[in-house]
Amino acid sequence: MNYSQYILLIPLLPLAGFLVLGLFGKSYFNKSAGIIGTLFLLVAAILSLYTAYNYFFIDGKVNGVYQSIIPFKYTWLSFSENISIDMGFVLDPISVMMLVVVTFVSLMVHIFSLWYMKGEERFSTYYAFLGLFTFSMLGLVISTNIFQIYMFWELVGVSSYLLIGFYYDKPSAVAASKKAFIVTRFADLAFLIGILILGFQAETLDFGTLIQRLTDIQSSQFIGITTASFFGVSLLTWALTLVFIGGAGKSAMLPLHIWLPDAMEGPTPVSALIHAATMVVAGVYLVARLFPVFHINQASLHIVTFVGVASALFAAIIACTQTDIKRVLAYSTMSQIGYMMFSLGISGIGGENGLGYTASLFHLFTHAFFKSLLFLAAGAVIHLVHSNELKDMGGLKRYMPVTHIVFLVACLAISGIFPFAGFFSKEEILLASYESNKIVYAIALFTSGLTAFYMFRLYFSIFWNKQKDLHSHHGEGNMSMKIPLWILAVCTCTAGFISFGKYVSADGKELASHFHILFSIVPVTVSLLGILLAMLLYKKENGKPQAISNSLGGLYKTAYHKFYIDEVYLFITKKIIFNLVGRPAAWIDKNIIDGIMNGIAGVTASISSAIKGIQSGKVQSYALYFFAGIIAMAIVFVYLWK
Amino acid sequence: MNEIPISHILFVSTALFFIGMYGLFTRRNMITMLMAIELILNSVNINFVVFNKYLYPDKLDGIFFTIFIIAIAAAEAAVAIAIIINLYRNHQSIDVEEAEEMKF
Amino acid sequence: MTASQIIFYLISAFMLGTAILAVTTRKIFRSAIWLLFSLIGTAALYFWLEVEFIAAVQIIVYVGGIVVLIIFSIFLTQQSGQRMAKAPITRVIASVLATIFGFSLTFLLISQHSFQLTEKPFDWTISKIGMQMLGTDRNGFALPLEVVSILLLAAMIGCIVIAIKSNPEEK
Amino acid sequence: MNLSLLVILPILNALLLLPFKEAKQVRLITLAGAVVQFILCFFLLYLFWQEKTTGNTSLMLFENNYKWYAPLNINFHTGVDGISVSMILLTAFVVLAGILVSWKQEKLSKEFFFLLLFLSAGAYGFFISIDLFTLFFFLELAVIPKFLLIGIWGSGKKEYSAMKLALMLMGGSALVFVGLAGIYFNTNINGAHSFDMLQIAQSNISEDIQKLFFPFAFIGFGIFTALFPFHTWVPDGHSSAPTAASMFLAGISMKLGGYGCLRVATWLMPDAAHHYSTIIIILACIAILYGAFATMMQTDLKYINAYSSISHCGFVLLGIGMLTQTAITGAVMQMVSHGLMTALFFAAIGMIYDRTHTRQVAQLSGLLKVMPFISAVFVIAGLCSLGLPGLSGFVAEMTVFMGSWQNADSFYRIATIIACASIVVTAVYILRATGQVIMGPITNNDYKSLKDAAWNEKLAAVILITGIVAIGVAPFWLNDLLRPATDIIMQKISAITK
Amino acid sequence: MLADFFILMKAELVITLLIFTLLFLKIGNKEWRNESLLNIINLLLFINLLSGFFIAKEGTLFGDMFRTNELLRFEKNMLNLGILIISLQSYHWLKQHKHVPEFYMLLLSTLLGMFFMISANNILMFYLALELSTIPLAALCNFDLHKKIASEAAFKMSISSAFSSGLLLFGISLLYGTTGSLNFAEISSQLNGSPLQLFSFILLLSGFTFKISAVPFHLWTADVYEGSPVAVTSYLSVISKAAILFVLVSVLYNVFQPLGSNWYNMLFVLSVLTMIIGNLFALRQQNMKRFLAFSSIAQVGFILIGITGQSAEGSASVIYFVLVYLFSNLGAFGVVALVSSLAGKENIDDYKGFYTHNKLLSWVLAISLFSLAGIPPTAGFFGKFFLLLAGAAKGNYILITIAALNMVISLYYYLRIIKAMFMDENKNPVEKINAGLQPKLALAICMIGIIVTGLISGAYNYIYSLVK
């Protein structure tokens, strides 16, 4: 199969969409921009499905192992003989899987937005940005080169920035976009340094070669990077940790998650695409990409595990207390990504050991569907009630039956109820963690229960509970809204049955799906308990939730305020960085450095004024000076300095 | 004749030179300043003559120099006095301390 | 001490003494007179040095010309009896120090220098001076003479322009 | 191609303006000349490439050597290598854009364009010079037009800024002069001293001499490129200058310094460059971070960009100080990139200022609504400044980082990390400015009736953005252009480091 | 022999002829109108200038008292050119003056003095020529006859120069006492660096540096420049300085070469002092003439650096710089003279907003000032560059650094004027000045000189070949 004939079209079509719409959209086809963008993406999605088909079923496998195929590679910027940034296109299980996910979800969002964003003033700009984002995300997943991934990493960051700030005249949106960019930028700094260390120690930036060299314990590069140490920690650990920090920033892992809830200021479809299904899992993808290297350095893998678990639990707790539905979803995203992370963290390579890896990516895959579904549905709800707040909602199931159904499906999926997609992937994660680390398993299990609780809290609050007055009654929406919801709902129901391990595994070999009925009893029970609890509390309007939150007191408040992490950040930036670094720098520049420069001028002027008396206008003084000059010269040059 | 060492004569001329200089520095009247200049030139003349006579008697360079200096001194004095007179006419004062309009 | 020596010291003392008086007396006319004496003393020194020609020139030009000029200008610009203003005391002190120091330094340098005295006779004659003054060869001074003559011409023109009394209405 | 054309053309163009009185005629003639020059520069690029692809490996192409001051061995020696070509292209871009931006210049327009052209002639001349004397000549030539441009057409405390700029730059060139004199008298080419860089590069100046004169040359040129702590002319100068002058100043004239640091100081005195690299790097790192932090606190758009220029030019010096080929290539790239980007930024700021009559961040808001084009330009410039891939800033900075990291010593690595850290701070100040100025609701009702960019402004922005994107998307051409040239520089340096 | 005499002394003879022509014009019965008189004189000066370019020979006259060669001829031509420019640009001032022939007679006699000084090969000749070029100048300073400051300036000039020539003479007498000759070549052969000789040399040098106004012998300069008529000021600051500089270079390089290392140090100190003090005072001036006086003092500091070069490059660069300086300073003085005589304004503040009505003149002044400041592409840049380069040849980089930094200070005050003209606001700027043909011609010559002498290397190369 010759991929190179068309493969580049997949990322380039969205880019073309971006360019066309960005440059000419506003003036020439503001109205039809959505259609154009969607068409571009439709083609891209079809092409990626076609590619996936070809790869997984026709020619991806050689001797039972999935190969990475590089149909395209171009040296973009060469630094030295070994080190160069290549723009390439790699096909391997995870990238192909991501291709499908990205184009598919993006397509859904495009279609959904046709309805959702209708009538927006910057309709074409919106689609242009979506195109840009899709392009960047595709570029990210197909990277053959660690620097390529960094570039697209930055590009998705900026697209995210642009989309979060789409409602630019809302100060909160502006602030959120800024925050998202800066926080992830901070993480990217770590990523960049990590890349520098890895790249230079491995003497390559190419993923394939890099992984090969750094997993071969005999190679000089491996010896070099492991023996060199900095503050007693080997360079490899440093590098991987730094790379992981980069990933954690994008994936909103603790403590770099603070931008994600705020990012919900963007249009909801955008949240579905970027902040639920695709961009935020880039961190997971990154770790998966470098998994062999992480695996060889257990220390960094432990960090991944720890951060993943902590984020999963932490986000779930906060999610229980939030009242903004998008924020709840955002925390749930964070929590689910935490799952994926620690699943990677506890994984090994090869056969059964690699279950965590497969599970993680499986969860990534299924999560993309049900989480985007959740967001889109939430979007529909918000569109109807013009509010994000739970208190403005209730009893909506009458008004929006389709939304109700798909939302329920998605909630069940995320809670891990058979036979929805989430069940399969989550079971695998729990299984993997059970097998490797019981504490992790326990926390994961608890989190799973929490997940079910807060998701159904959401579900019941929106669709059941007491009906609120609705100001607008313009129905649920047209086909372009419903179609994506249905499609995603169908995917949510069926995706779990894909035997994912056949295609994606840590070592490229087939990994049989494990399905232990016995094992899944416990998690499902826990989830059901969570659902039950939610039902009790939120199905009908009652005072219990209030009472419980009151009784929890400080704990609840702390969780409600997201454990005050935002405030800590605010303190560090506003008080410390601005006041203790920025202001002094500006002050020093204005007063000291500039002062010295001006001072030189001032001193010159004052010397000039001090010696003006020499030029007294009295000719006899002149003569005296004249003579004194001669005497001085005579003494100096006759006697002292011959 | 030769019993006077040359340095004694030079002492006299040098002293004359510095007396003239002192006058130039301290006299406030412009004309007296001019006189001081004449003293200075005189001392130089003595120098030339003495050097010529005692050290280099084969040529008359010193003598001639002296003659020319005397001529120049006259010209200089004439011009200076003209200027002083003009100043006096315009300003009614030839006190050098008052000729300090331009300074700094 | 020979008579010649005594005469020398007397002439010197006279010359320096009158010079000092010339630059210190506060009566301007007296000052001019002291200057006159000092110049005569110089002429006497030239006589003592046996360069009578220079002595004669000295008397004719200085005493007969410059001092007269000065005295005329004193008459033109000053009441002769008036006492002159004193210089500022700081300047006087500075001048005294400068001149004394300058003198000592200069004389130190002069006295430390070993002049090679010759025993050759110093023979000058008026005719020799005259011949050389107009000579254009190696030891001739015709060119300097011409230069000085131009200078005198220019000085004369300058003096006339500056000192000539311009008519008030032309101001 | 005779490179002198590049100098002669703008000067002829400037002289041609003299008989004309009408502002319209003047600007048309200026523009026509600038366009011709622009085309000429591309033609030069084309020729250069052709020569290179046909295998011409000589260091400088299109050399011309006219005897000038023969007794002192001063020649008008011109020639270009990849670095010069890239700088010449940069100049062409910025000049054309600058002239377009100042299209509406009413006050003394003839003088204005005359000086602009004169300034550009200085820059072109500087970049084509091989002879140090000529180089110095053009370096100083470019100073006074700046003084006049700022002083006459500037705003704010223009006289002060103009004076400060002129004096500091002249101070820089005074130091450069001492450096040059030192180089000159310590070369011995066939018994004569020489200003010819090619000859000097071949003869070896002894290390002690290099150590003595390197600081002069480096600091001297460094002042032009805002070397810490001699950068204080930058904020005042830029902020008081009229738009086109700011563009020229930041876009071209600061590059003279970087180019000089590289070409003169580092290339001709590699031993000393190696010896002092630690200090250079420390200063560069300070400039990078400190400039960035100082930028964060600025409230005036031009000050923001000016301080960010200090930070960005720090990368140039960092690249040069790192003394690896990639870093030096990166430094040159950064010069080109920063030139284009900052010119664009100033253009955008100028356009905003022309309309709103304020540059205070706090007074501006929500401009995106009324002037989407200008806002887009502003955002693009900002994104380039913070190093977005696909725009030139990223390429340049990453190349510098890559090159810096090549030094295995931990000092260099820490320096690199410090420099890297600036990308976060840059993001902070750029986004703050963008967030306030471009986004948000319109607070001032007067702004609602403002017009978006006119054709000339659009054209100017498009020209610059084209350059930025051309480098950002396809840096390999620039890389290929620069590599052979930096190779030569490296040959001298690596002879020492080994 | 006689033909030789005429050819070798051609320049001096022509000037003498001019002086006597003027004398007869003055004495003659005909009353000349000032305008026609001035035009005739300018024409004569032009002829005088031209005559310098033809028929030349090298040789000595009057028993080695007078010498001439290509270089000296070139120098004299420069002075001729300078005096022509000055004459042209003082047209407006002289037009109203009562004593035009006298003015020129004095001016020309000083020029004659300078010629003799340049050609002098004998210390007596040198001294006499120096006096010839000084004493009439003192009279010239007083040519604004009814201005008190003019008399004051003239008095200061005459007393200071008398004092300085007294010291100079004392030095010469000591030199004569230690070397036994007045002839330069013989003096040179007798120099051995004994303390007394050094002292006498210092006295001699002080006489020179007094004339070129190097610190600390410069104090008279500013007052005299300020008080004198602009024409005389420009003459003093350019021509007379130039002549002394030529002599200084030749005397130091040829006669006092045995004391080279001594005077190297002296000039080092003097030039540093001169630059710094000149600059510091120039910073604070308000009067244009006084300002130019201090600026020219600072320039002298730079020139001294060139002299310290002690090489062919050194003297070539000095002479070249003097040429450049002649054009630049006369350009500046030309404008100042116009403004002074036609608008009656001499203060820097009066120049505020000068550009509003006098575009061309502003540019002329600006370019002249740039040239003085040493900004390319003006010739001043080349001049300064070569001076400093010549100074650096001896490896004294401290001096060069100080000089280079002083150039920055000097730039400040030149730019101050530029700023006043172009940038500052003024309610009553100087009205449009109608310069007239002659001053315009003078300014045109200066401008062409400023541009051409730098960019086209011919002048320097020619001077270098002469020096070599």
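Letters A, B, C, D and E name the chains as they come in the text, with residue numbers starting at 1 for each one.
Throughout what follows, a residue touches a chain if its C-beta (ideal position, glycine included) is under 8 Å from a C-beta of that chain, and two chains touch if they have at least 3 such contacts.
For clarity, every value in this text was computed on a predicted model and none was experimentally measured.
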Check every other chain and keep only those touching both chain A and chain B; list them. C, E
Comparing A-C with C-E, the busier interface by C-beta pairs is C-E
Please name the chain that ends up farthest from chain C once chain centres are defined by their CA atoms averaged. A
Compute per-chain Cα centres, compare each with the mean of all protein Cα atoms, and return the closest chain. D
From the centre of chain E, which other chain's Cα mean sits the farthest off? A
Averaged over CA atoms, how far is the centre of chain B from the centre of chain E? Could you give it in whole Å? 27
Can you compute the centre-to-centre distance for chain A and chain E, using the mean CA position of each chain? Integer Å is fine. 77
Using mean CA coordinates as chain centres, what's the chain B-chain C distance in Å? 5
Length of the line joining the C-alpha centres of chain B and chain D, rounded to whole Å: 64
Two or more other chains in contact with one residue: find those residues in chain D. 167
Chain A residues touching 2+ other chains are 601, 612, 615, 617, 619-621, 623-624, 627-628, 630, 634, 638
For chain B, residue numbers touching 2 or more other chains are 17, 20-21, 24-26, 33-34, 52, 55-56, 64, 68, 72, 75-76, 79, 82-84, 86, 96-97, 99-104
Judged by the touch rule stated earlier, which pairs of chains are there in contact? A-B, A-C, A-D, A-E, B-C, B-E, C-E, D-E
Give the list of chain D residues in touch with chain E in this complex. 67-72, 74, 133, 136-138, 140-141, 143-144, 147-148, 151-152, 158-159, 162-163, 166-167, 170-171, 174-175, 177-178, 181-182, 184-185, 212, 216
In their complex, what parts of chain E are in touch with chain B? 124, 127-128, 131, 135-136, 138-139, 142, 145-149, 151-156, 158-159, 162-163, 165-166, 169-170, 172-174, 176-177, 180-182, 222-223, 226-227, 284, 290
So, in the complex, the side of chain D touching chain A is made of residues 164, 167-168, 229, 231-232, 235, 290, 293-294, 296-298, 307, 325-326, 366, 368-369, 372, 383, 386-390, 394-395, 398-399, 401-403, 405-406, 410, 416-417, 420-421, 423-424, 427-428, 431-432, 435, 438-442, 474-476, 479
Taking the touch rule as given, give the residues of chain B at its contact with chain E in the complex, in rising order. 17, 20-21, 24, 30, 33-34, 37, 40-41, 43-44, 47-48, 51-52, 55-56, 61-62, 64-65, 68-69, 72, 75-76, 79-80, 82-84, 86-87, 90-91, 96, 99-104
Touch list for chain A against partner chain B, complex: 612-613, 615-620, 623-624, 627
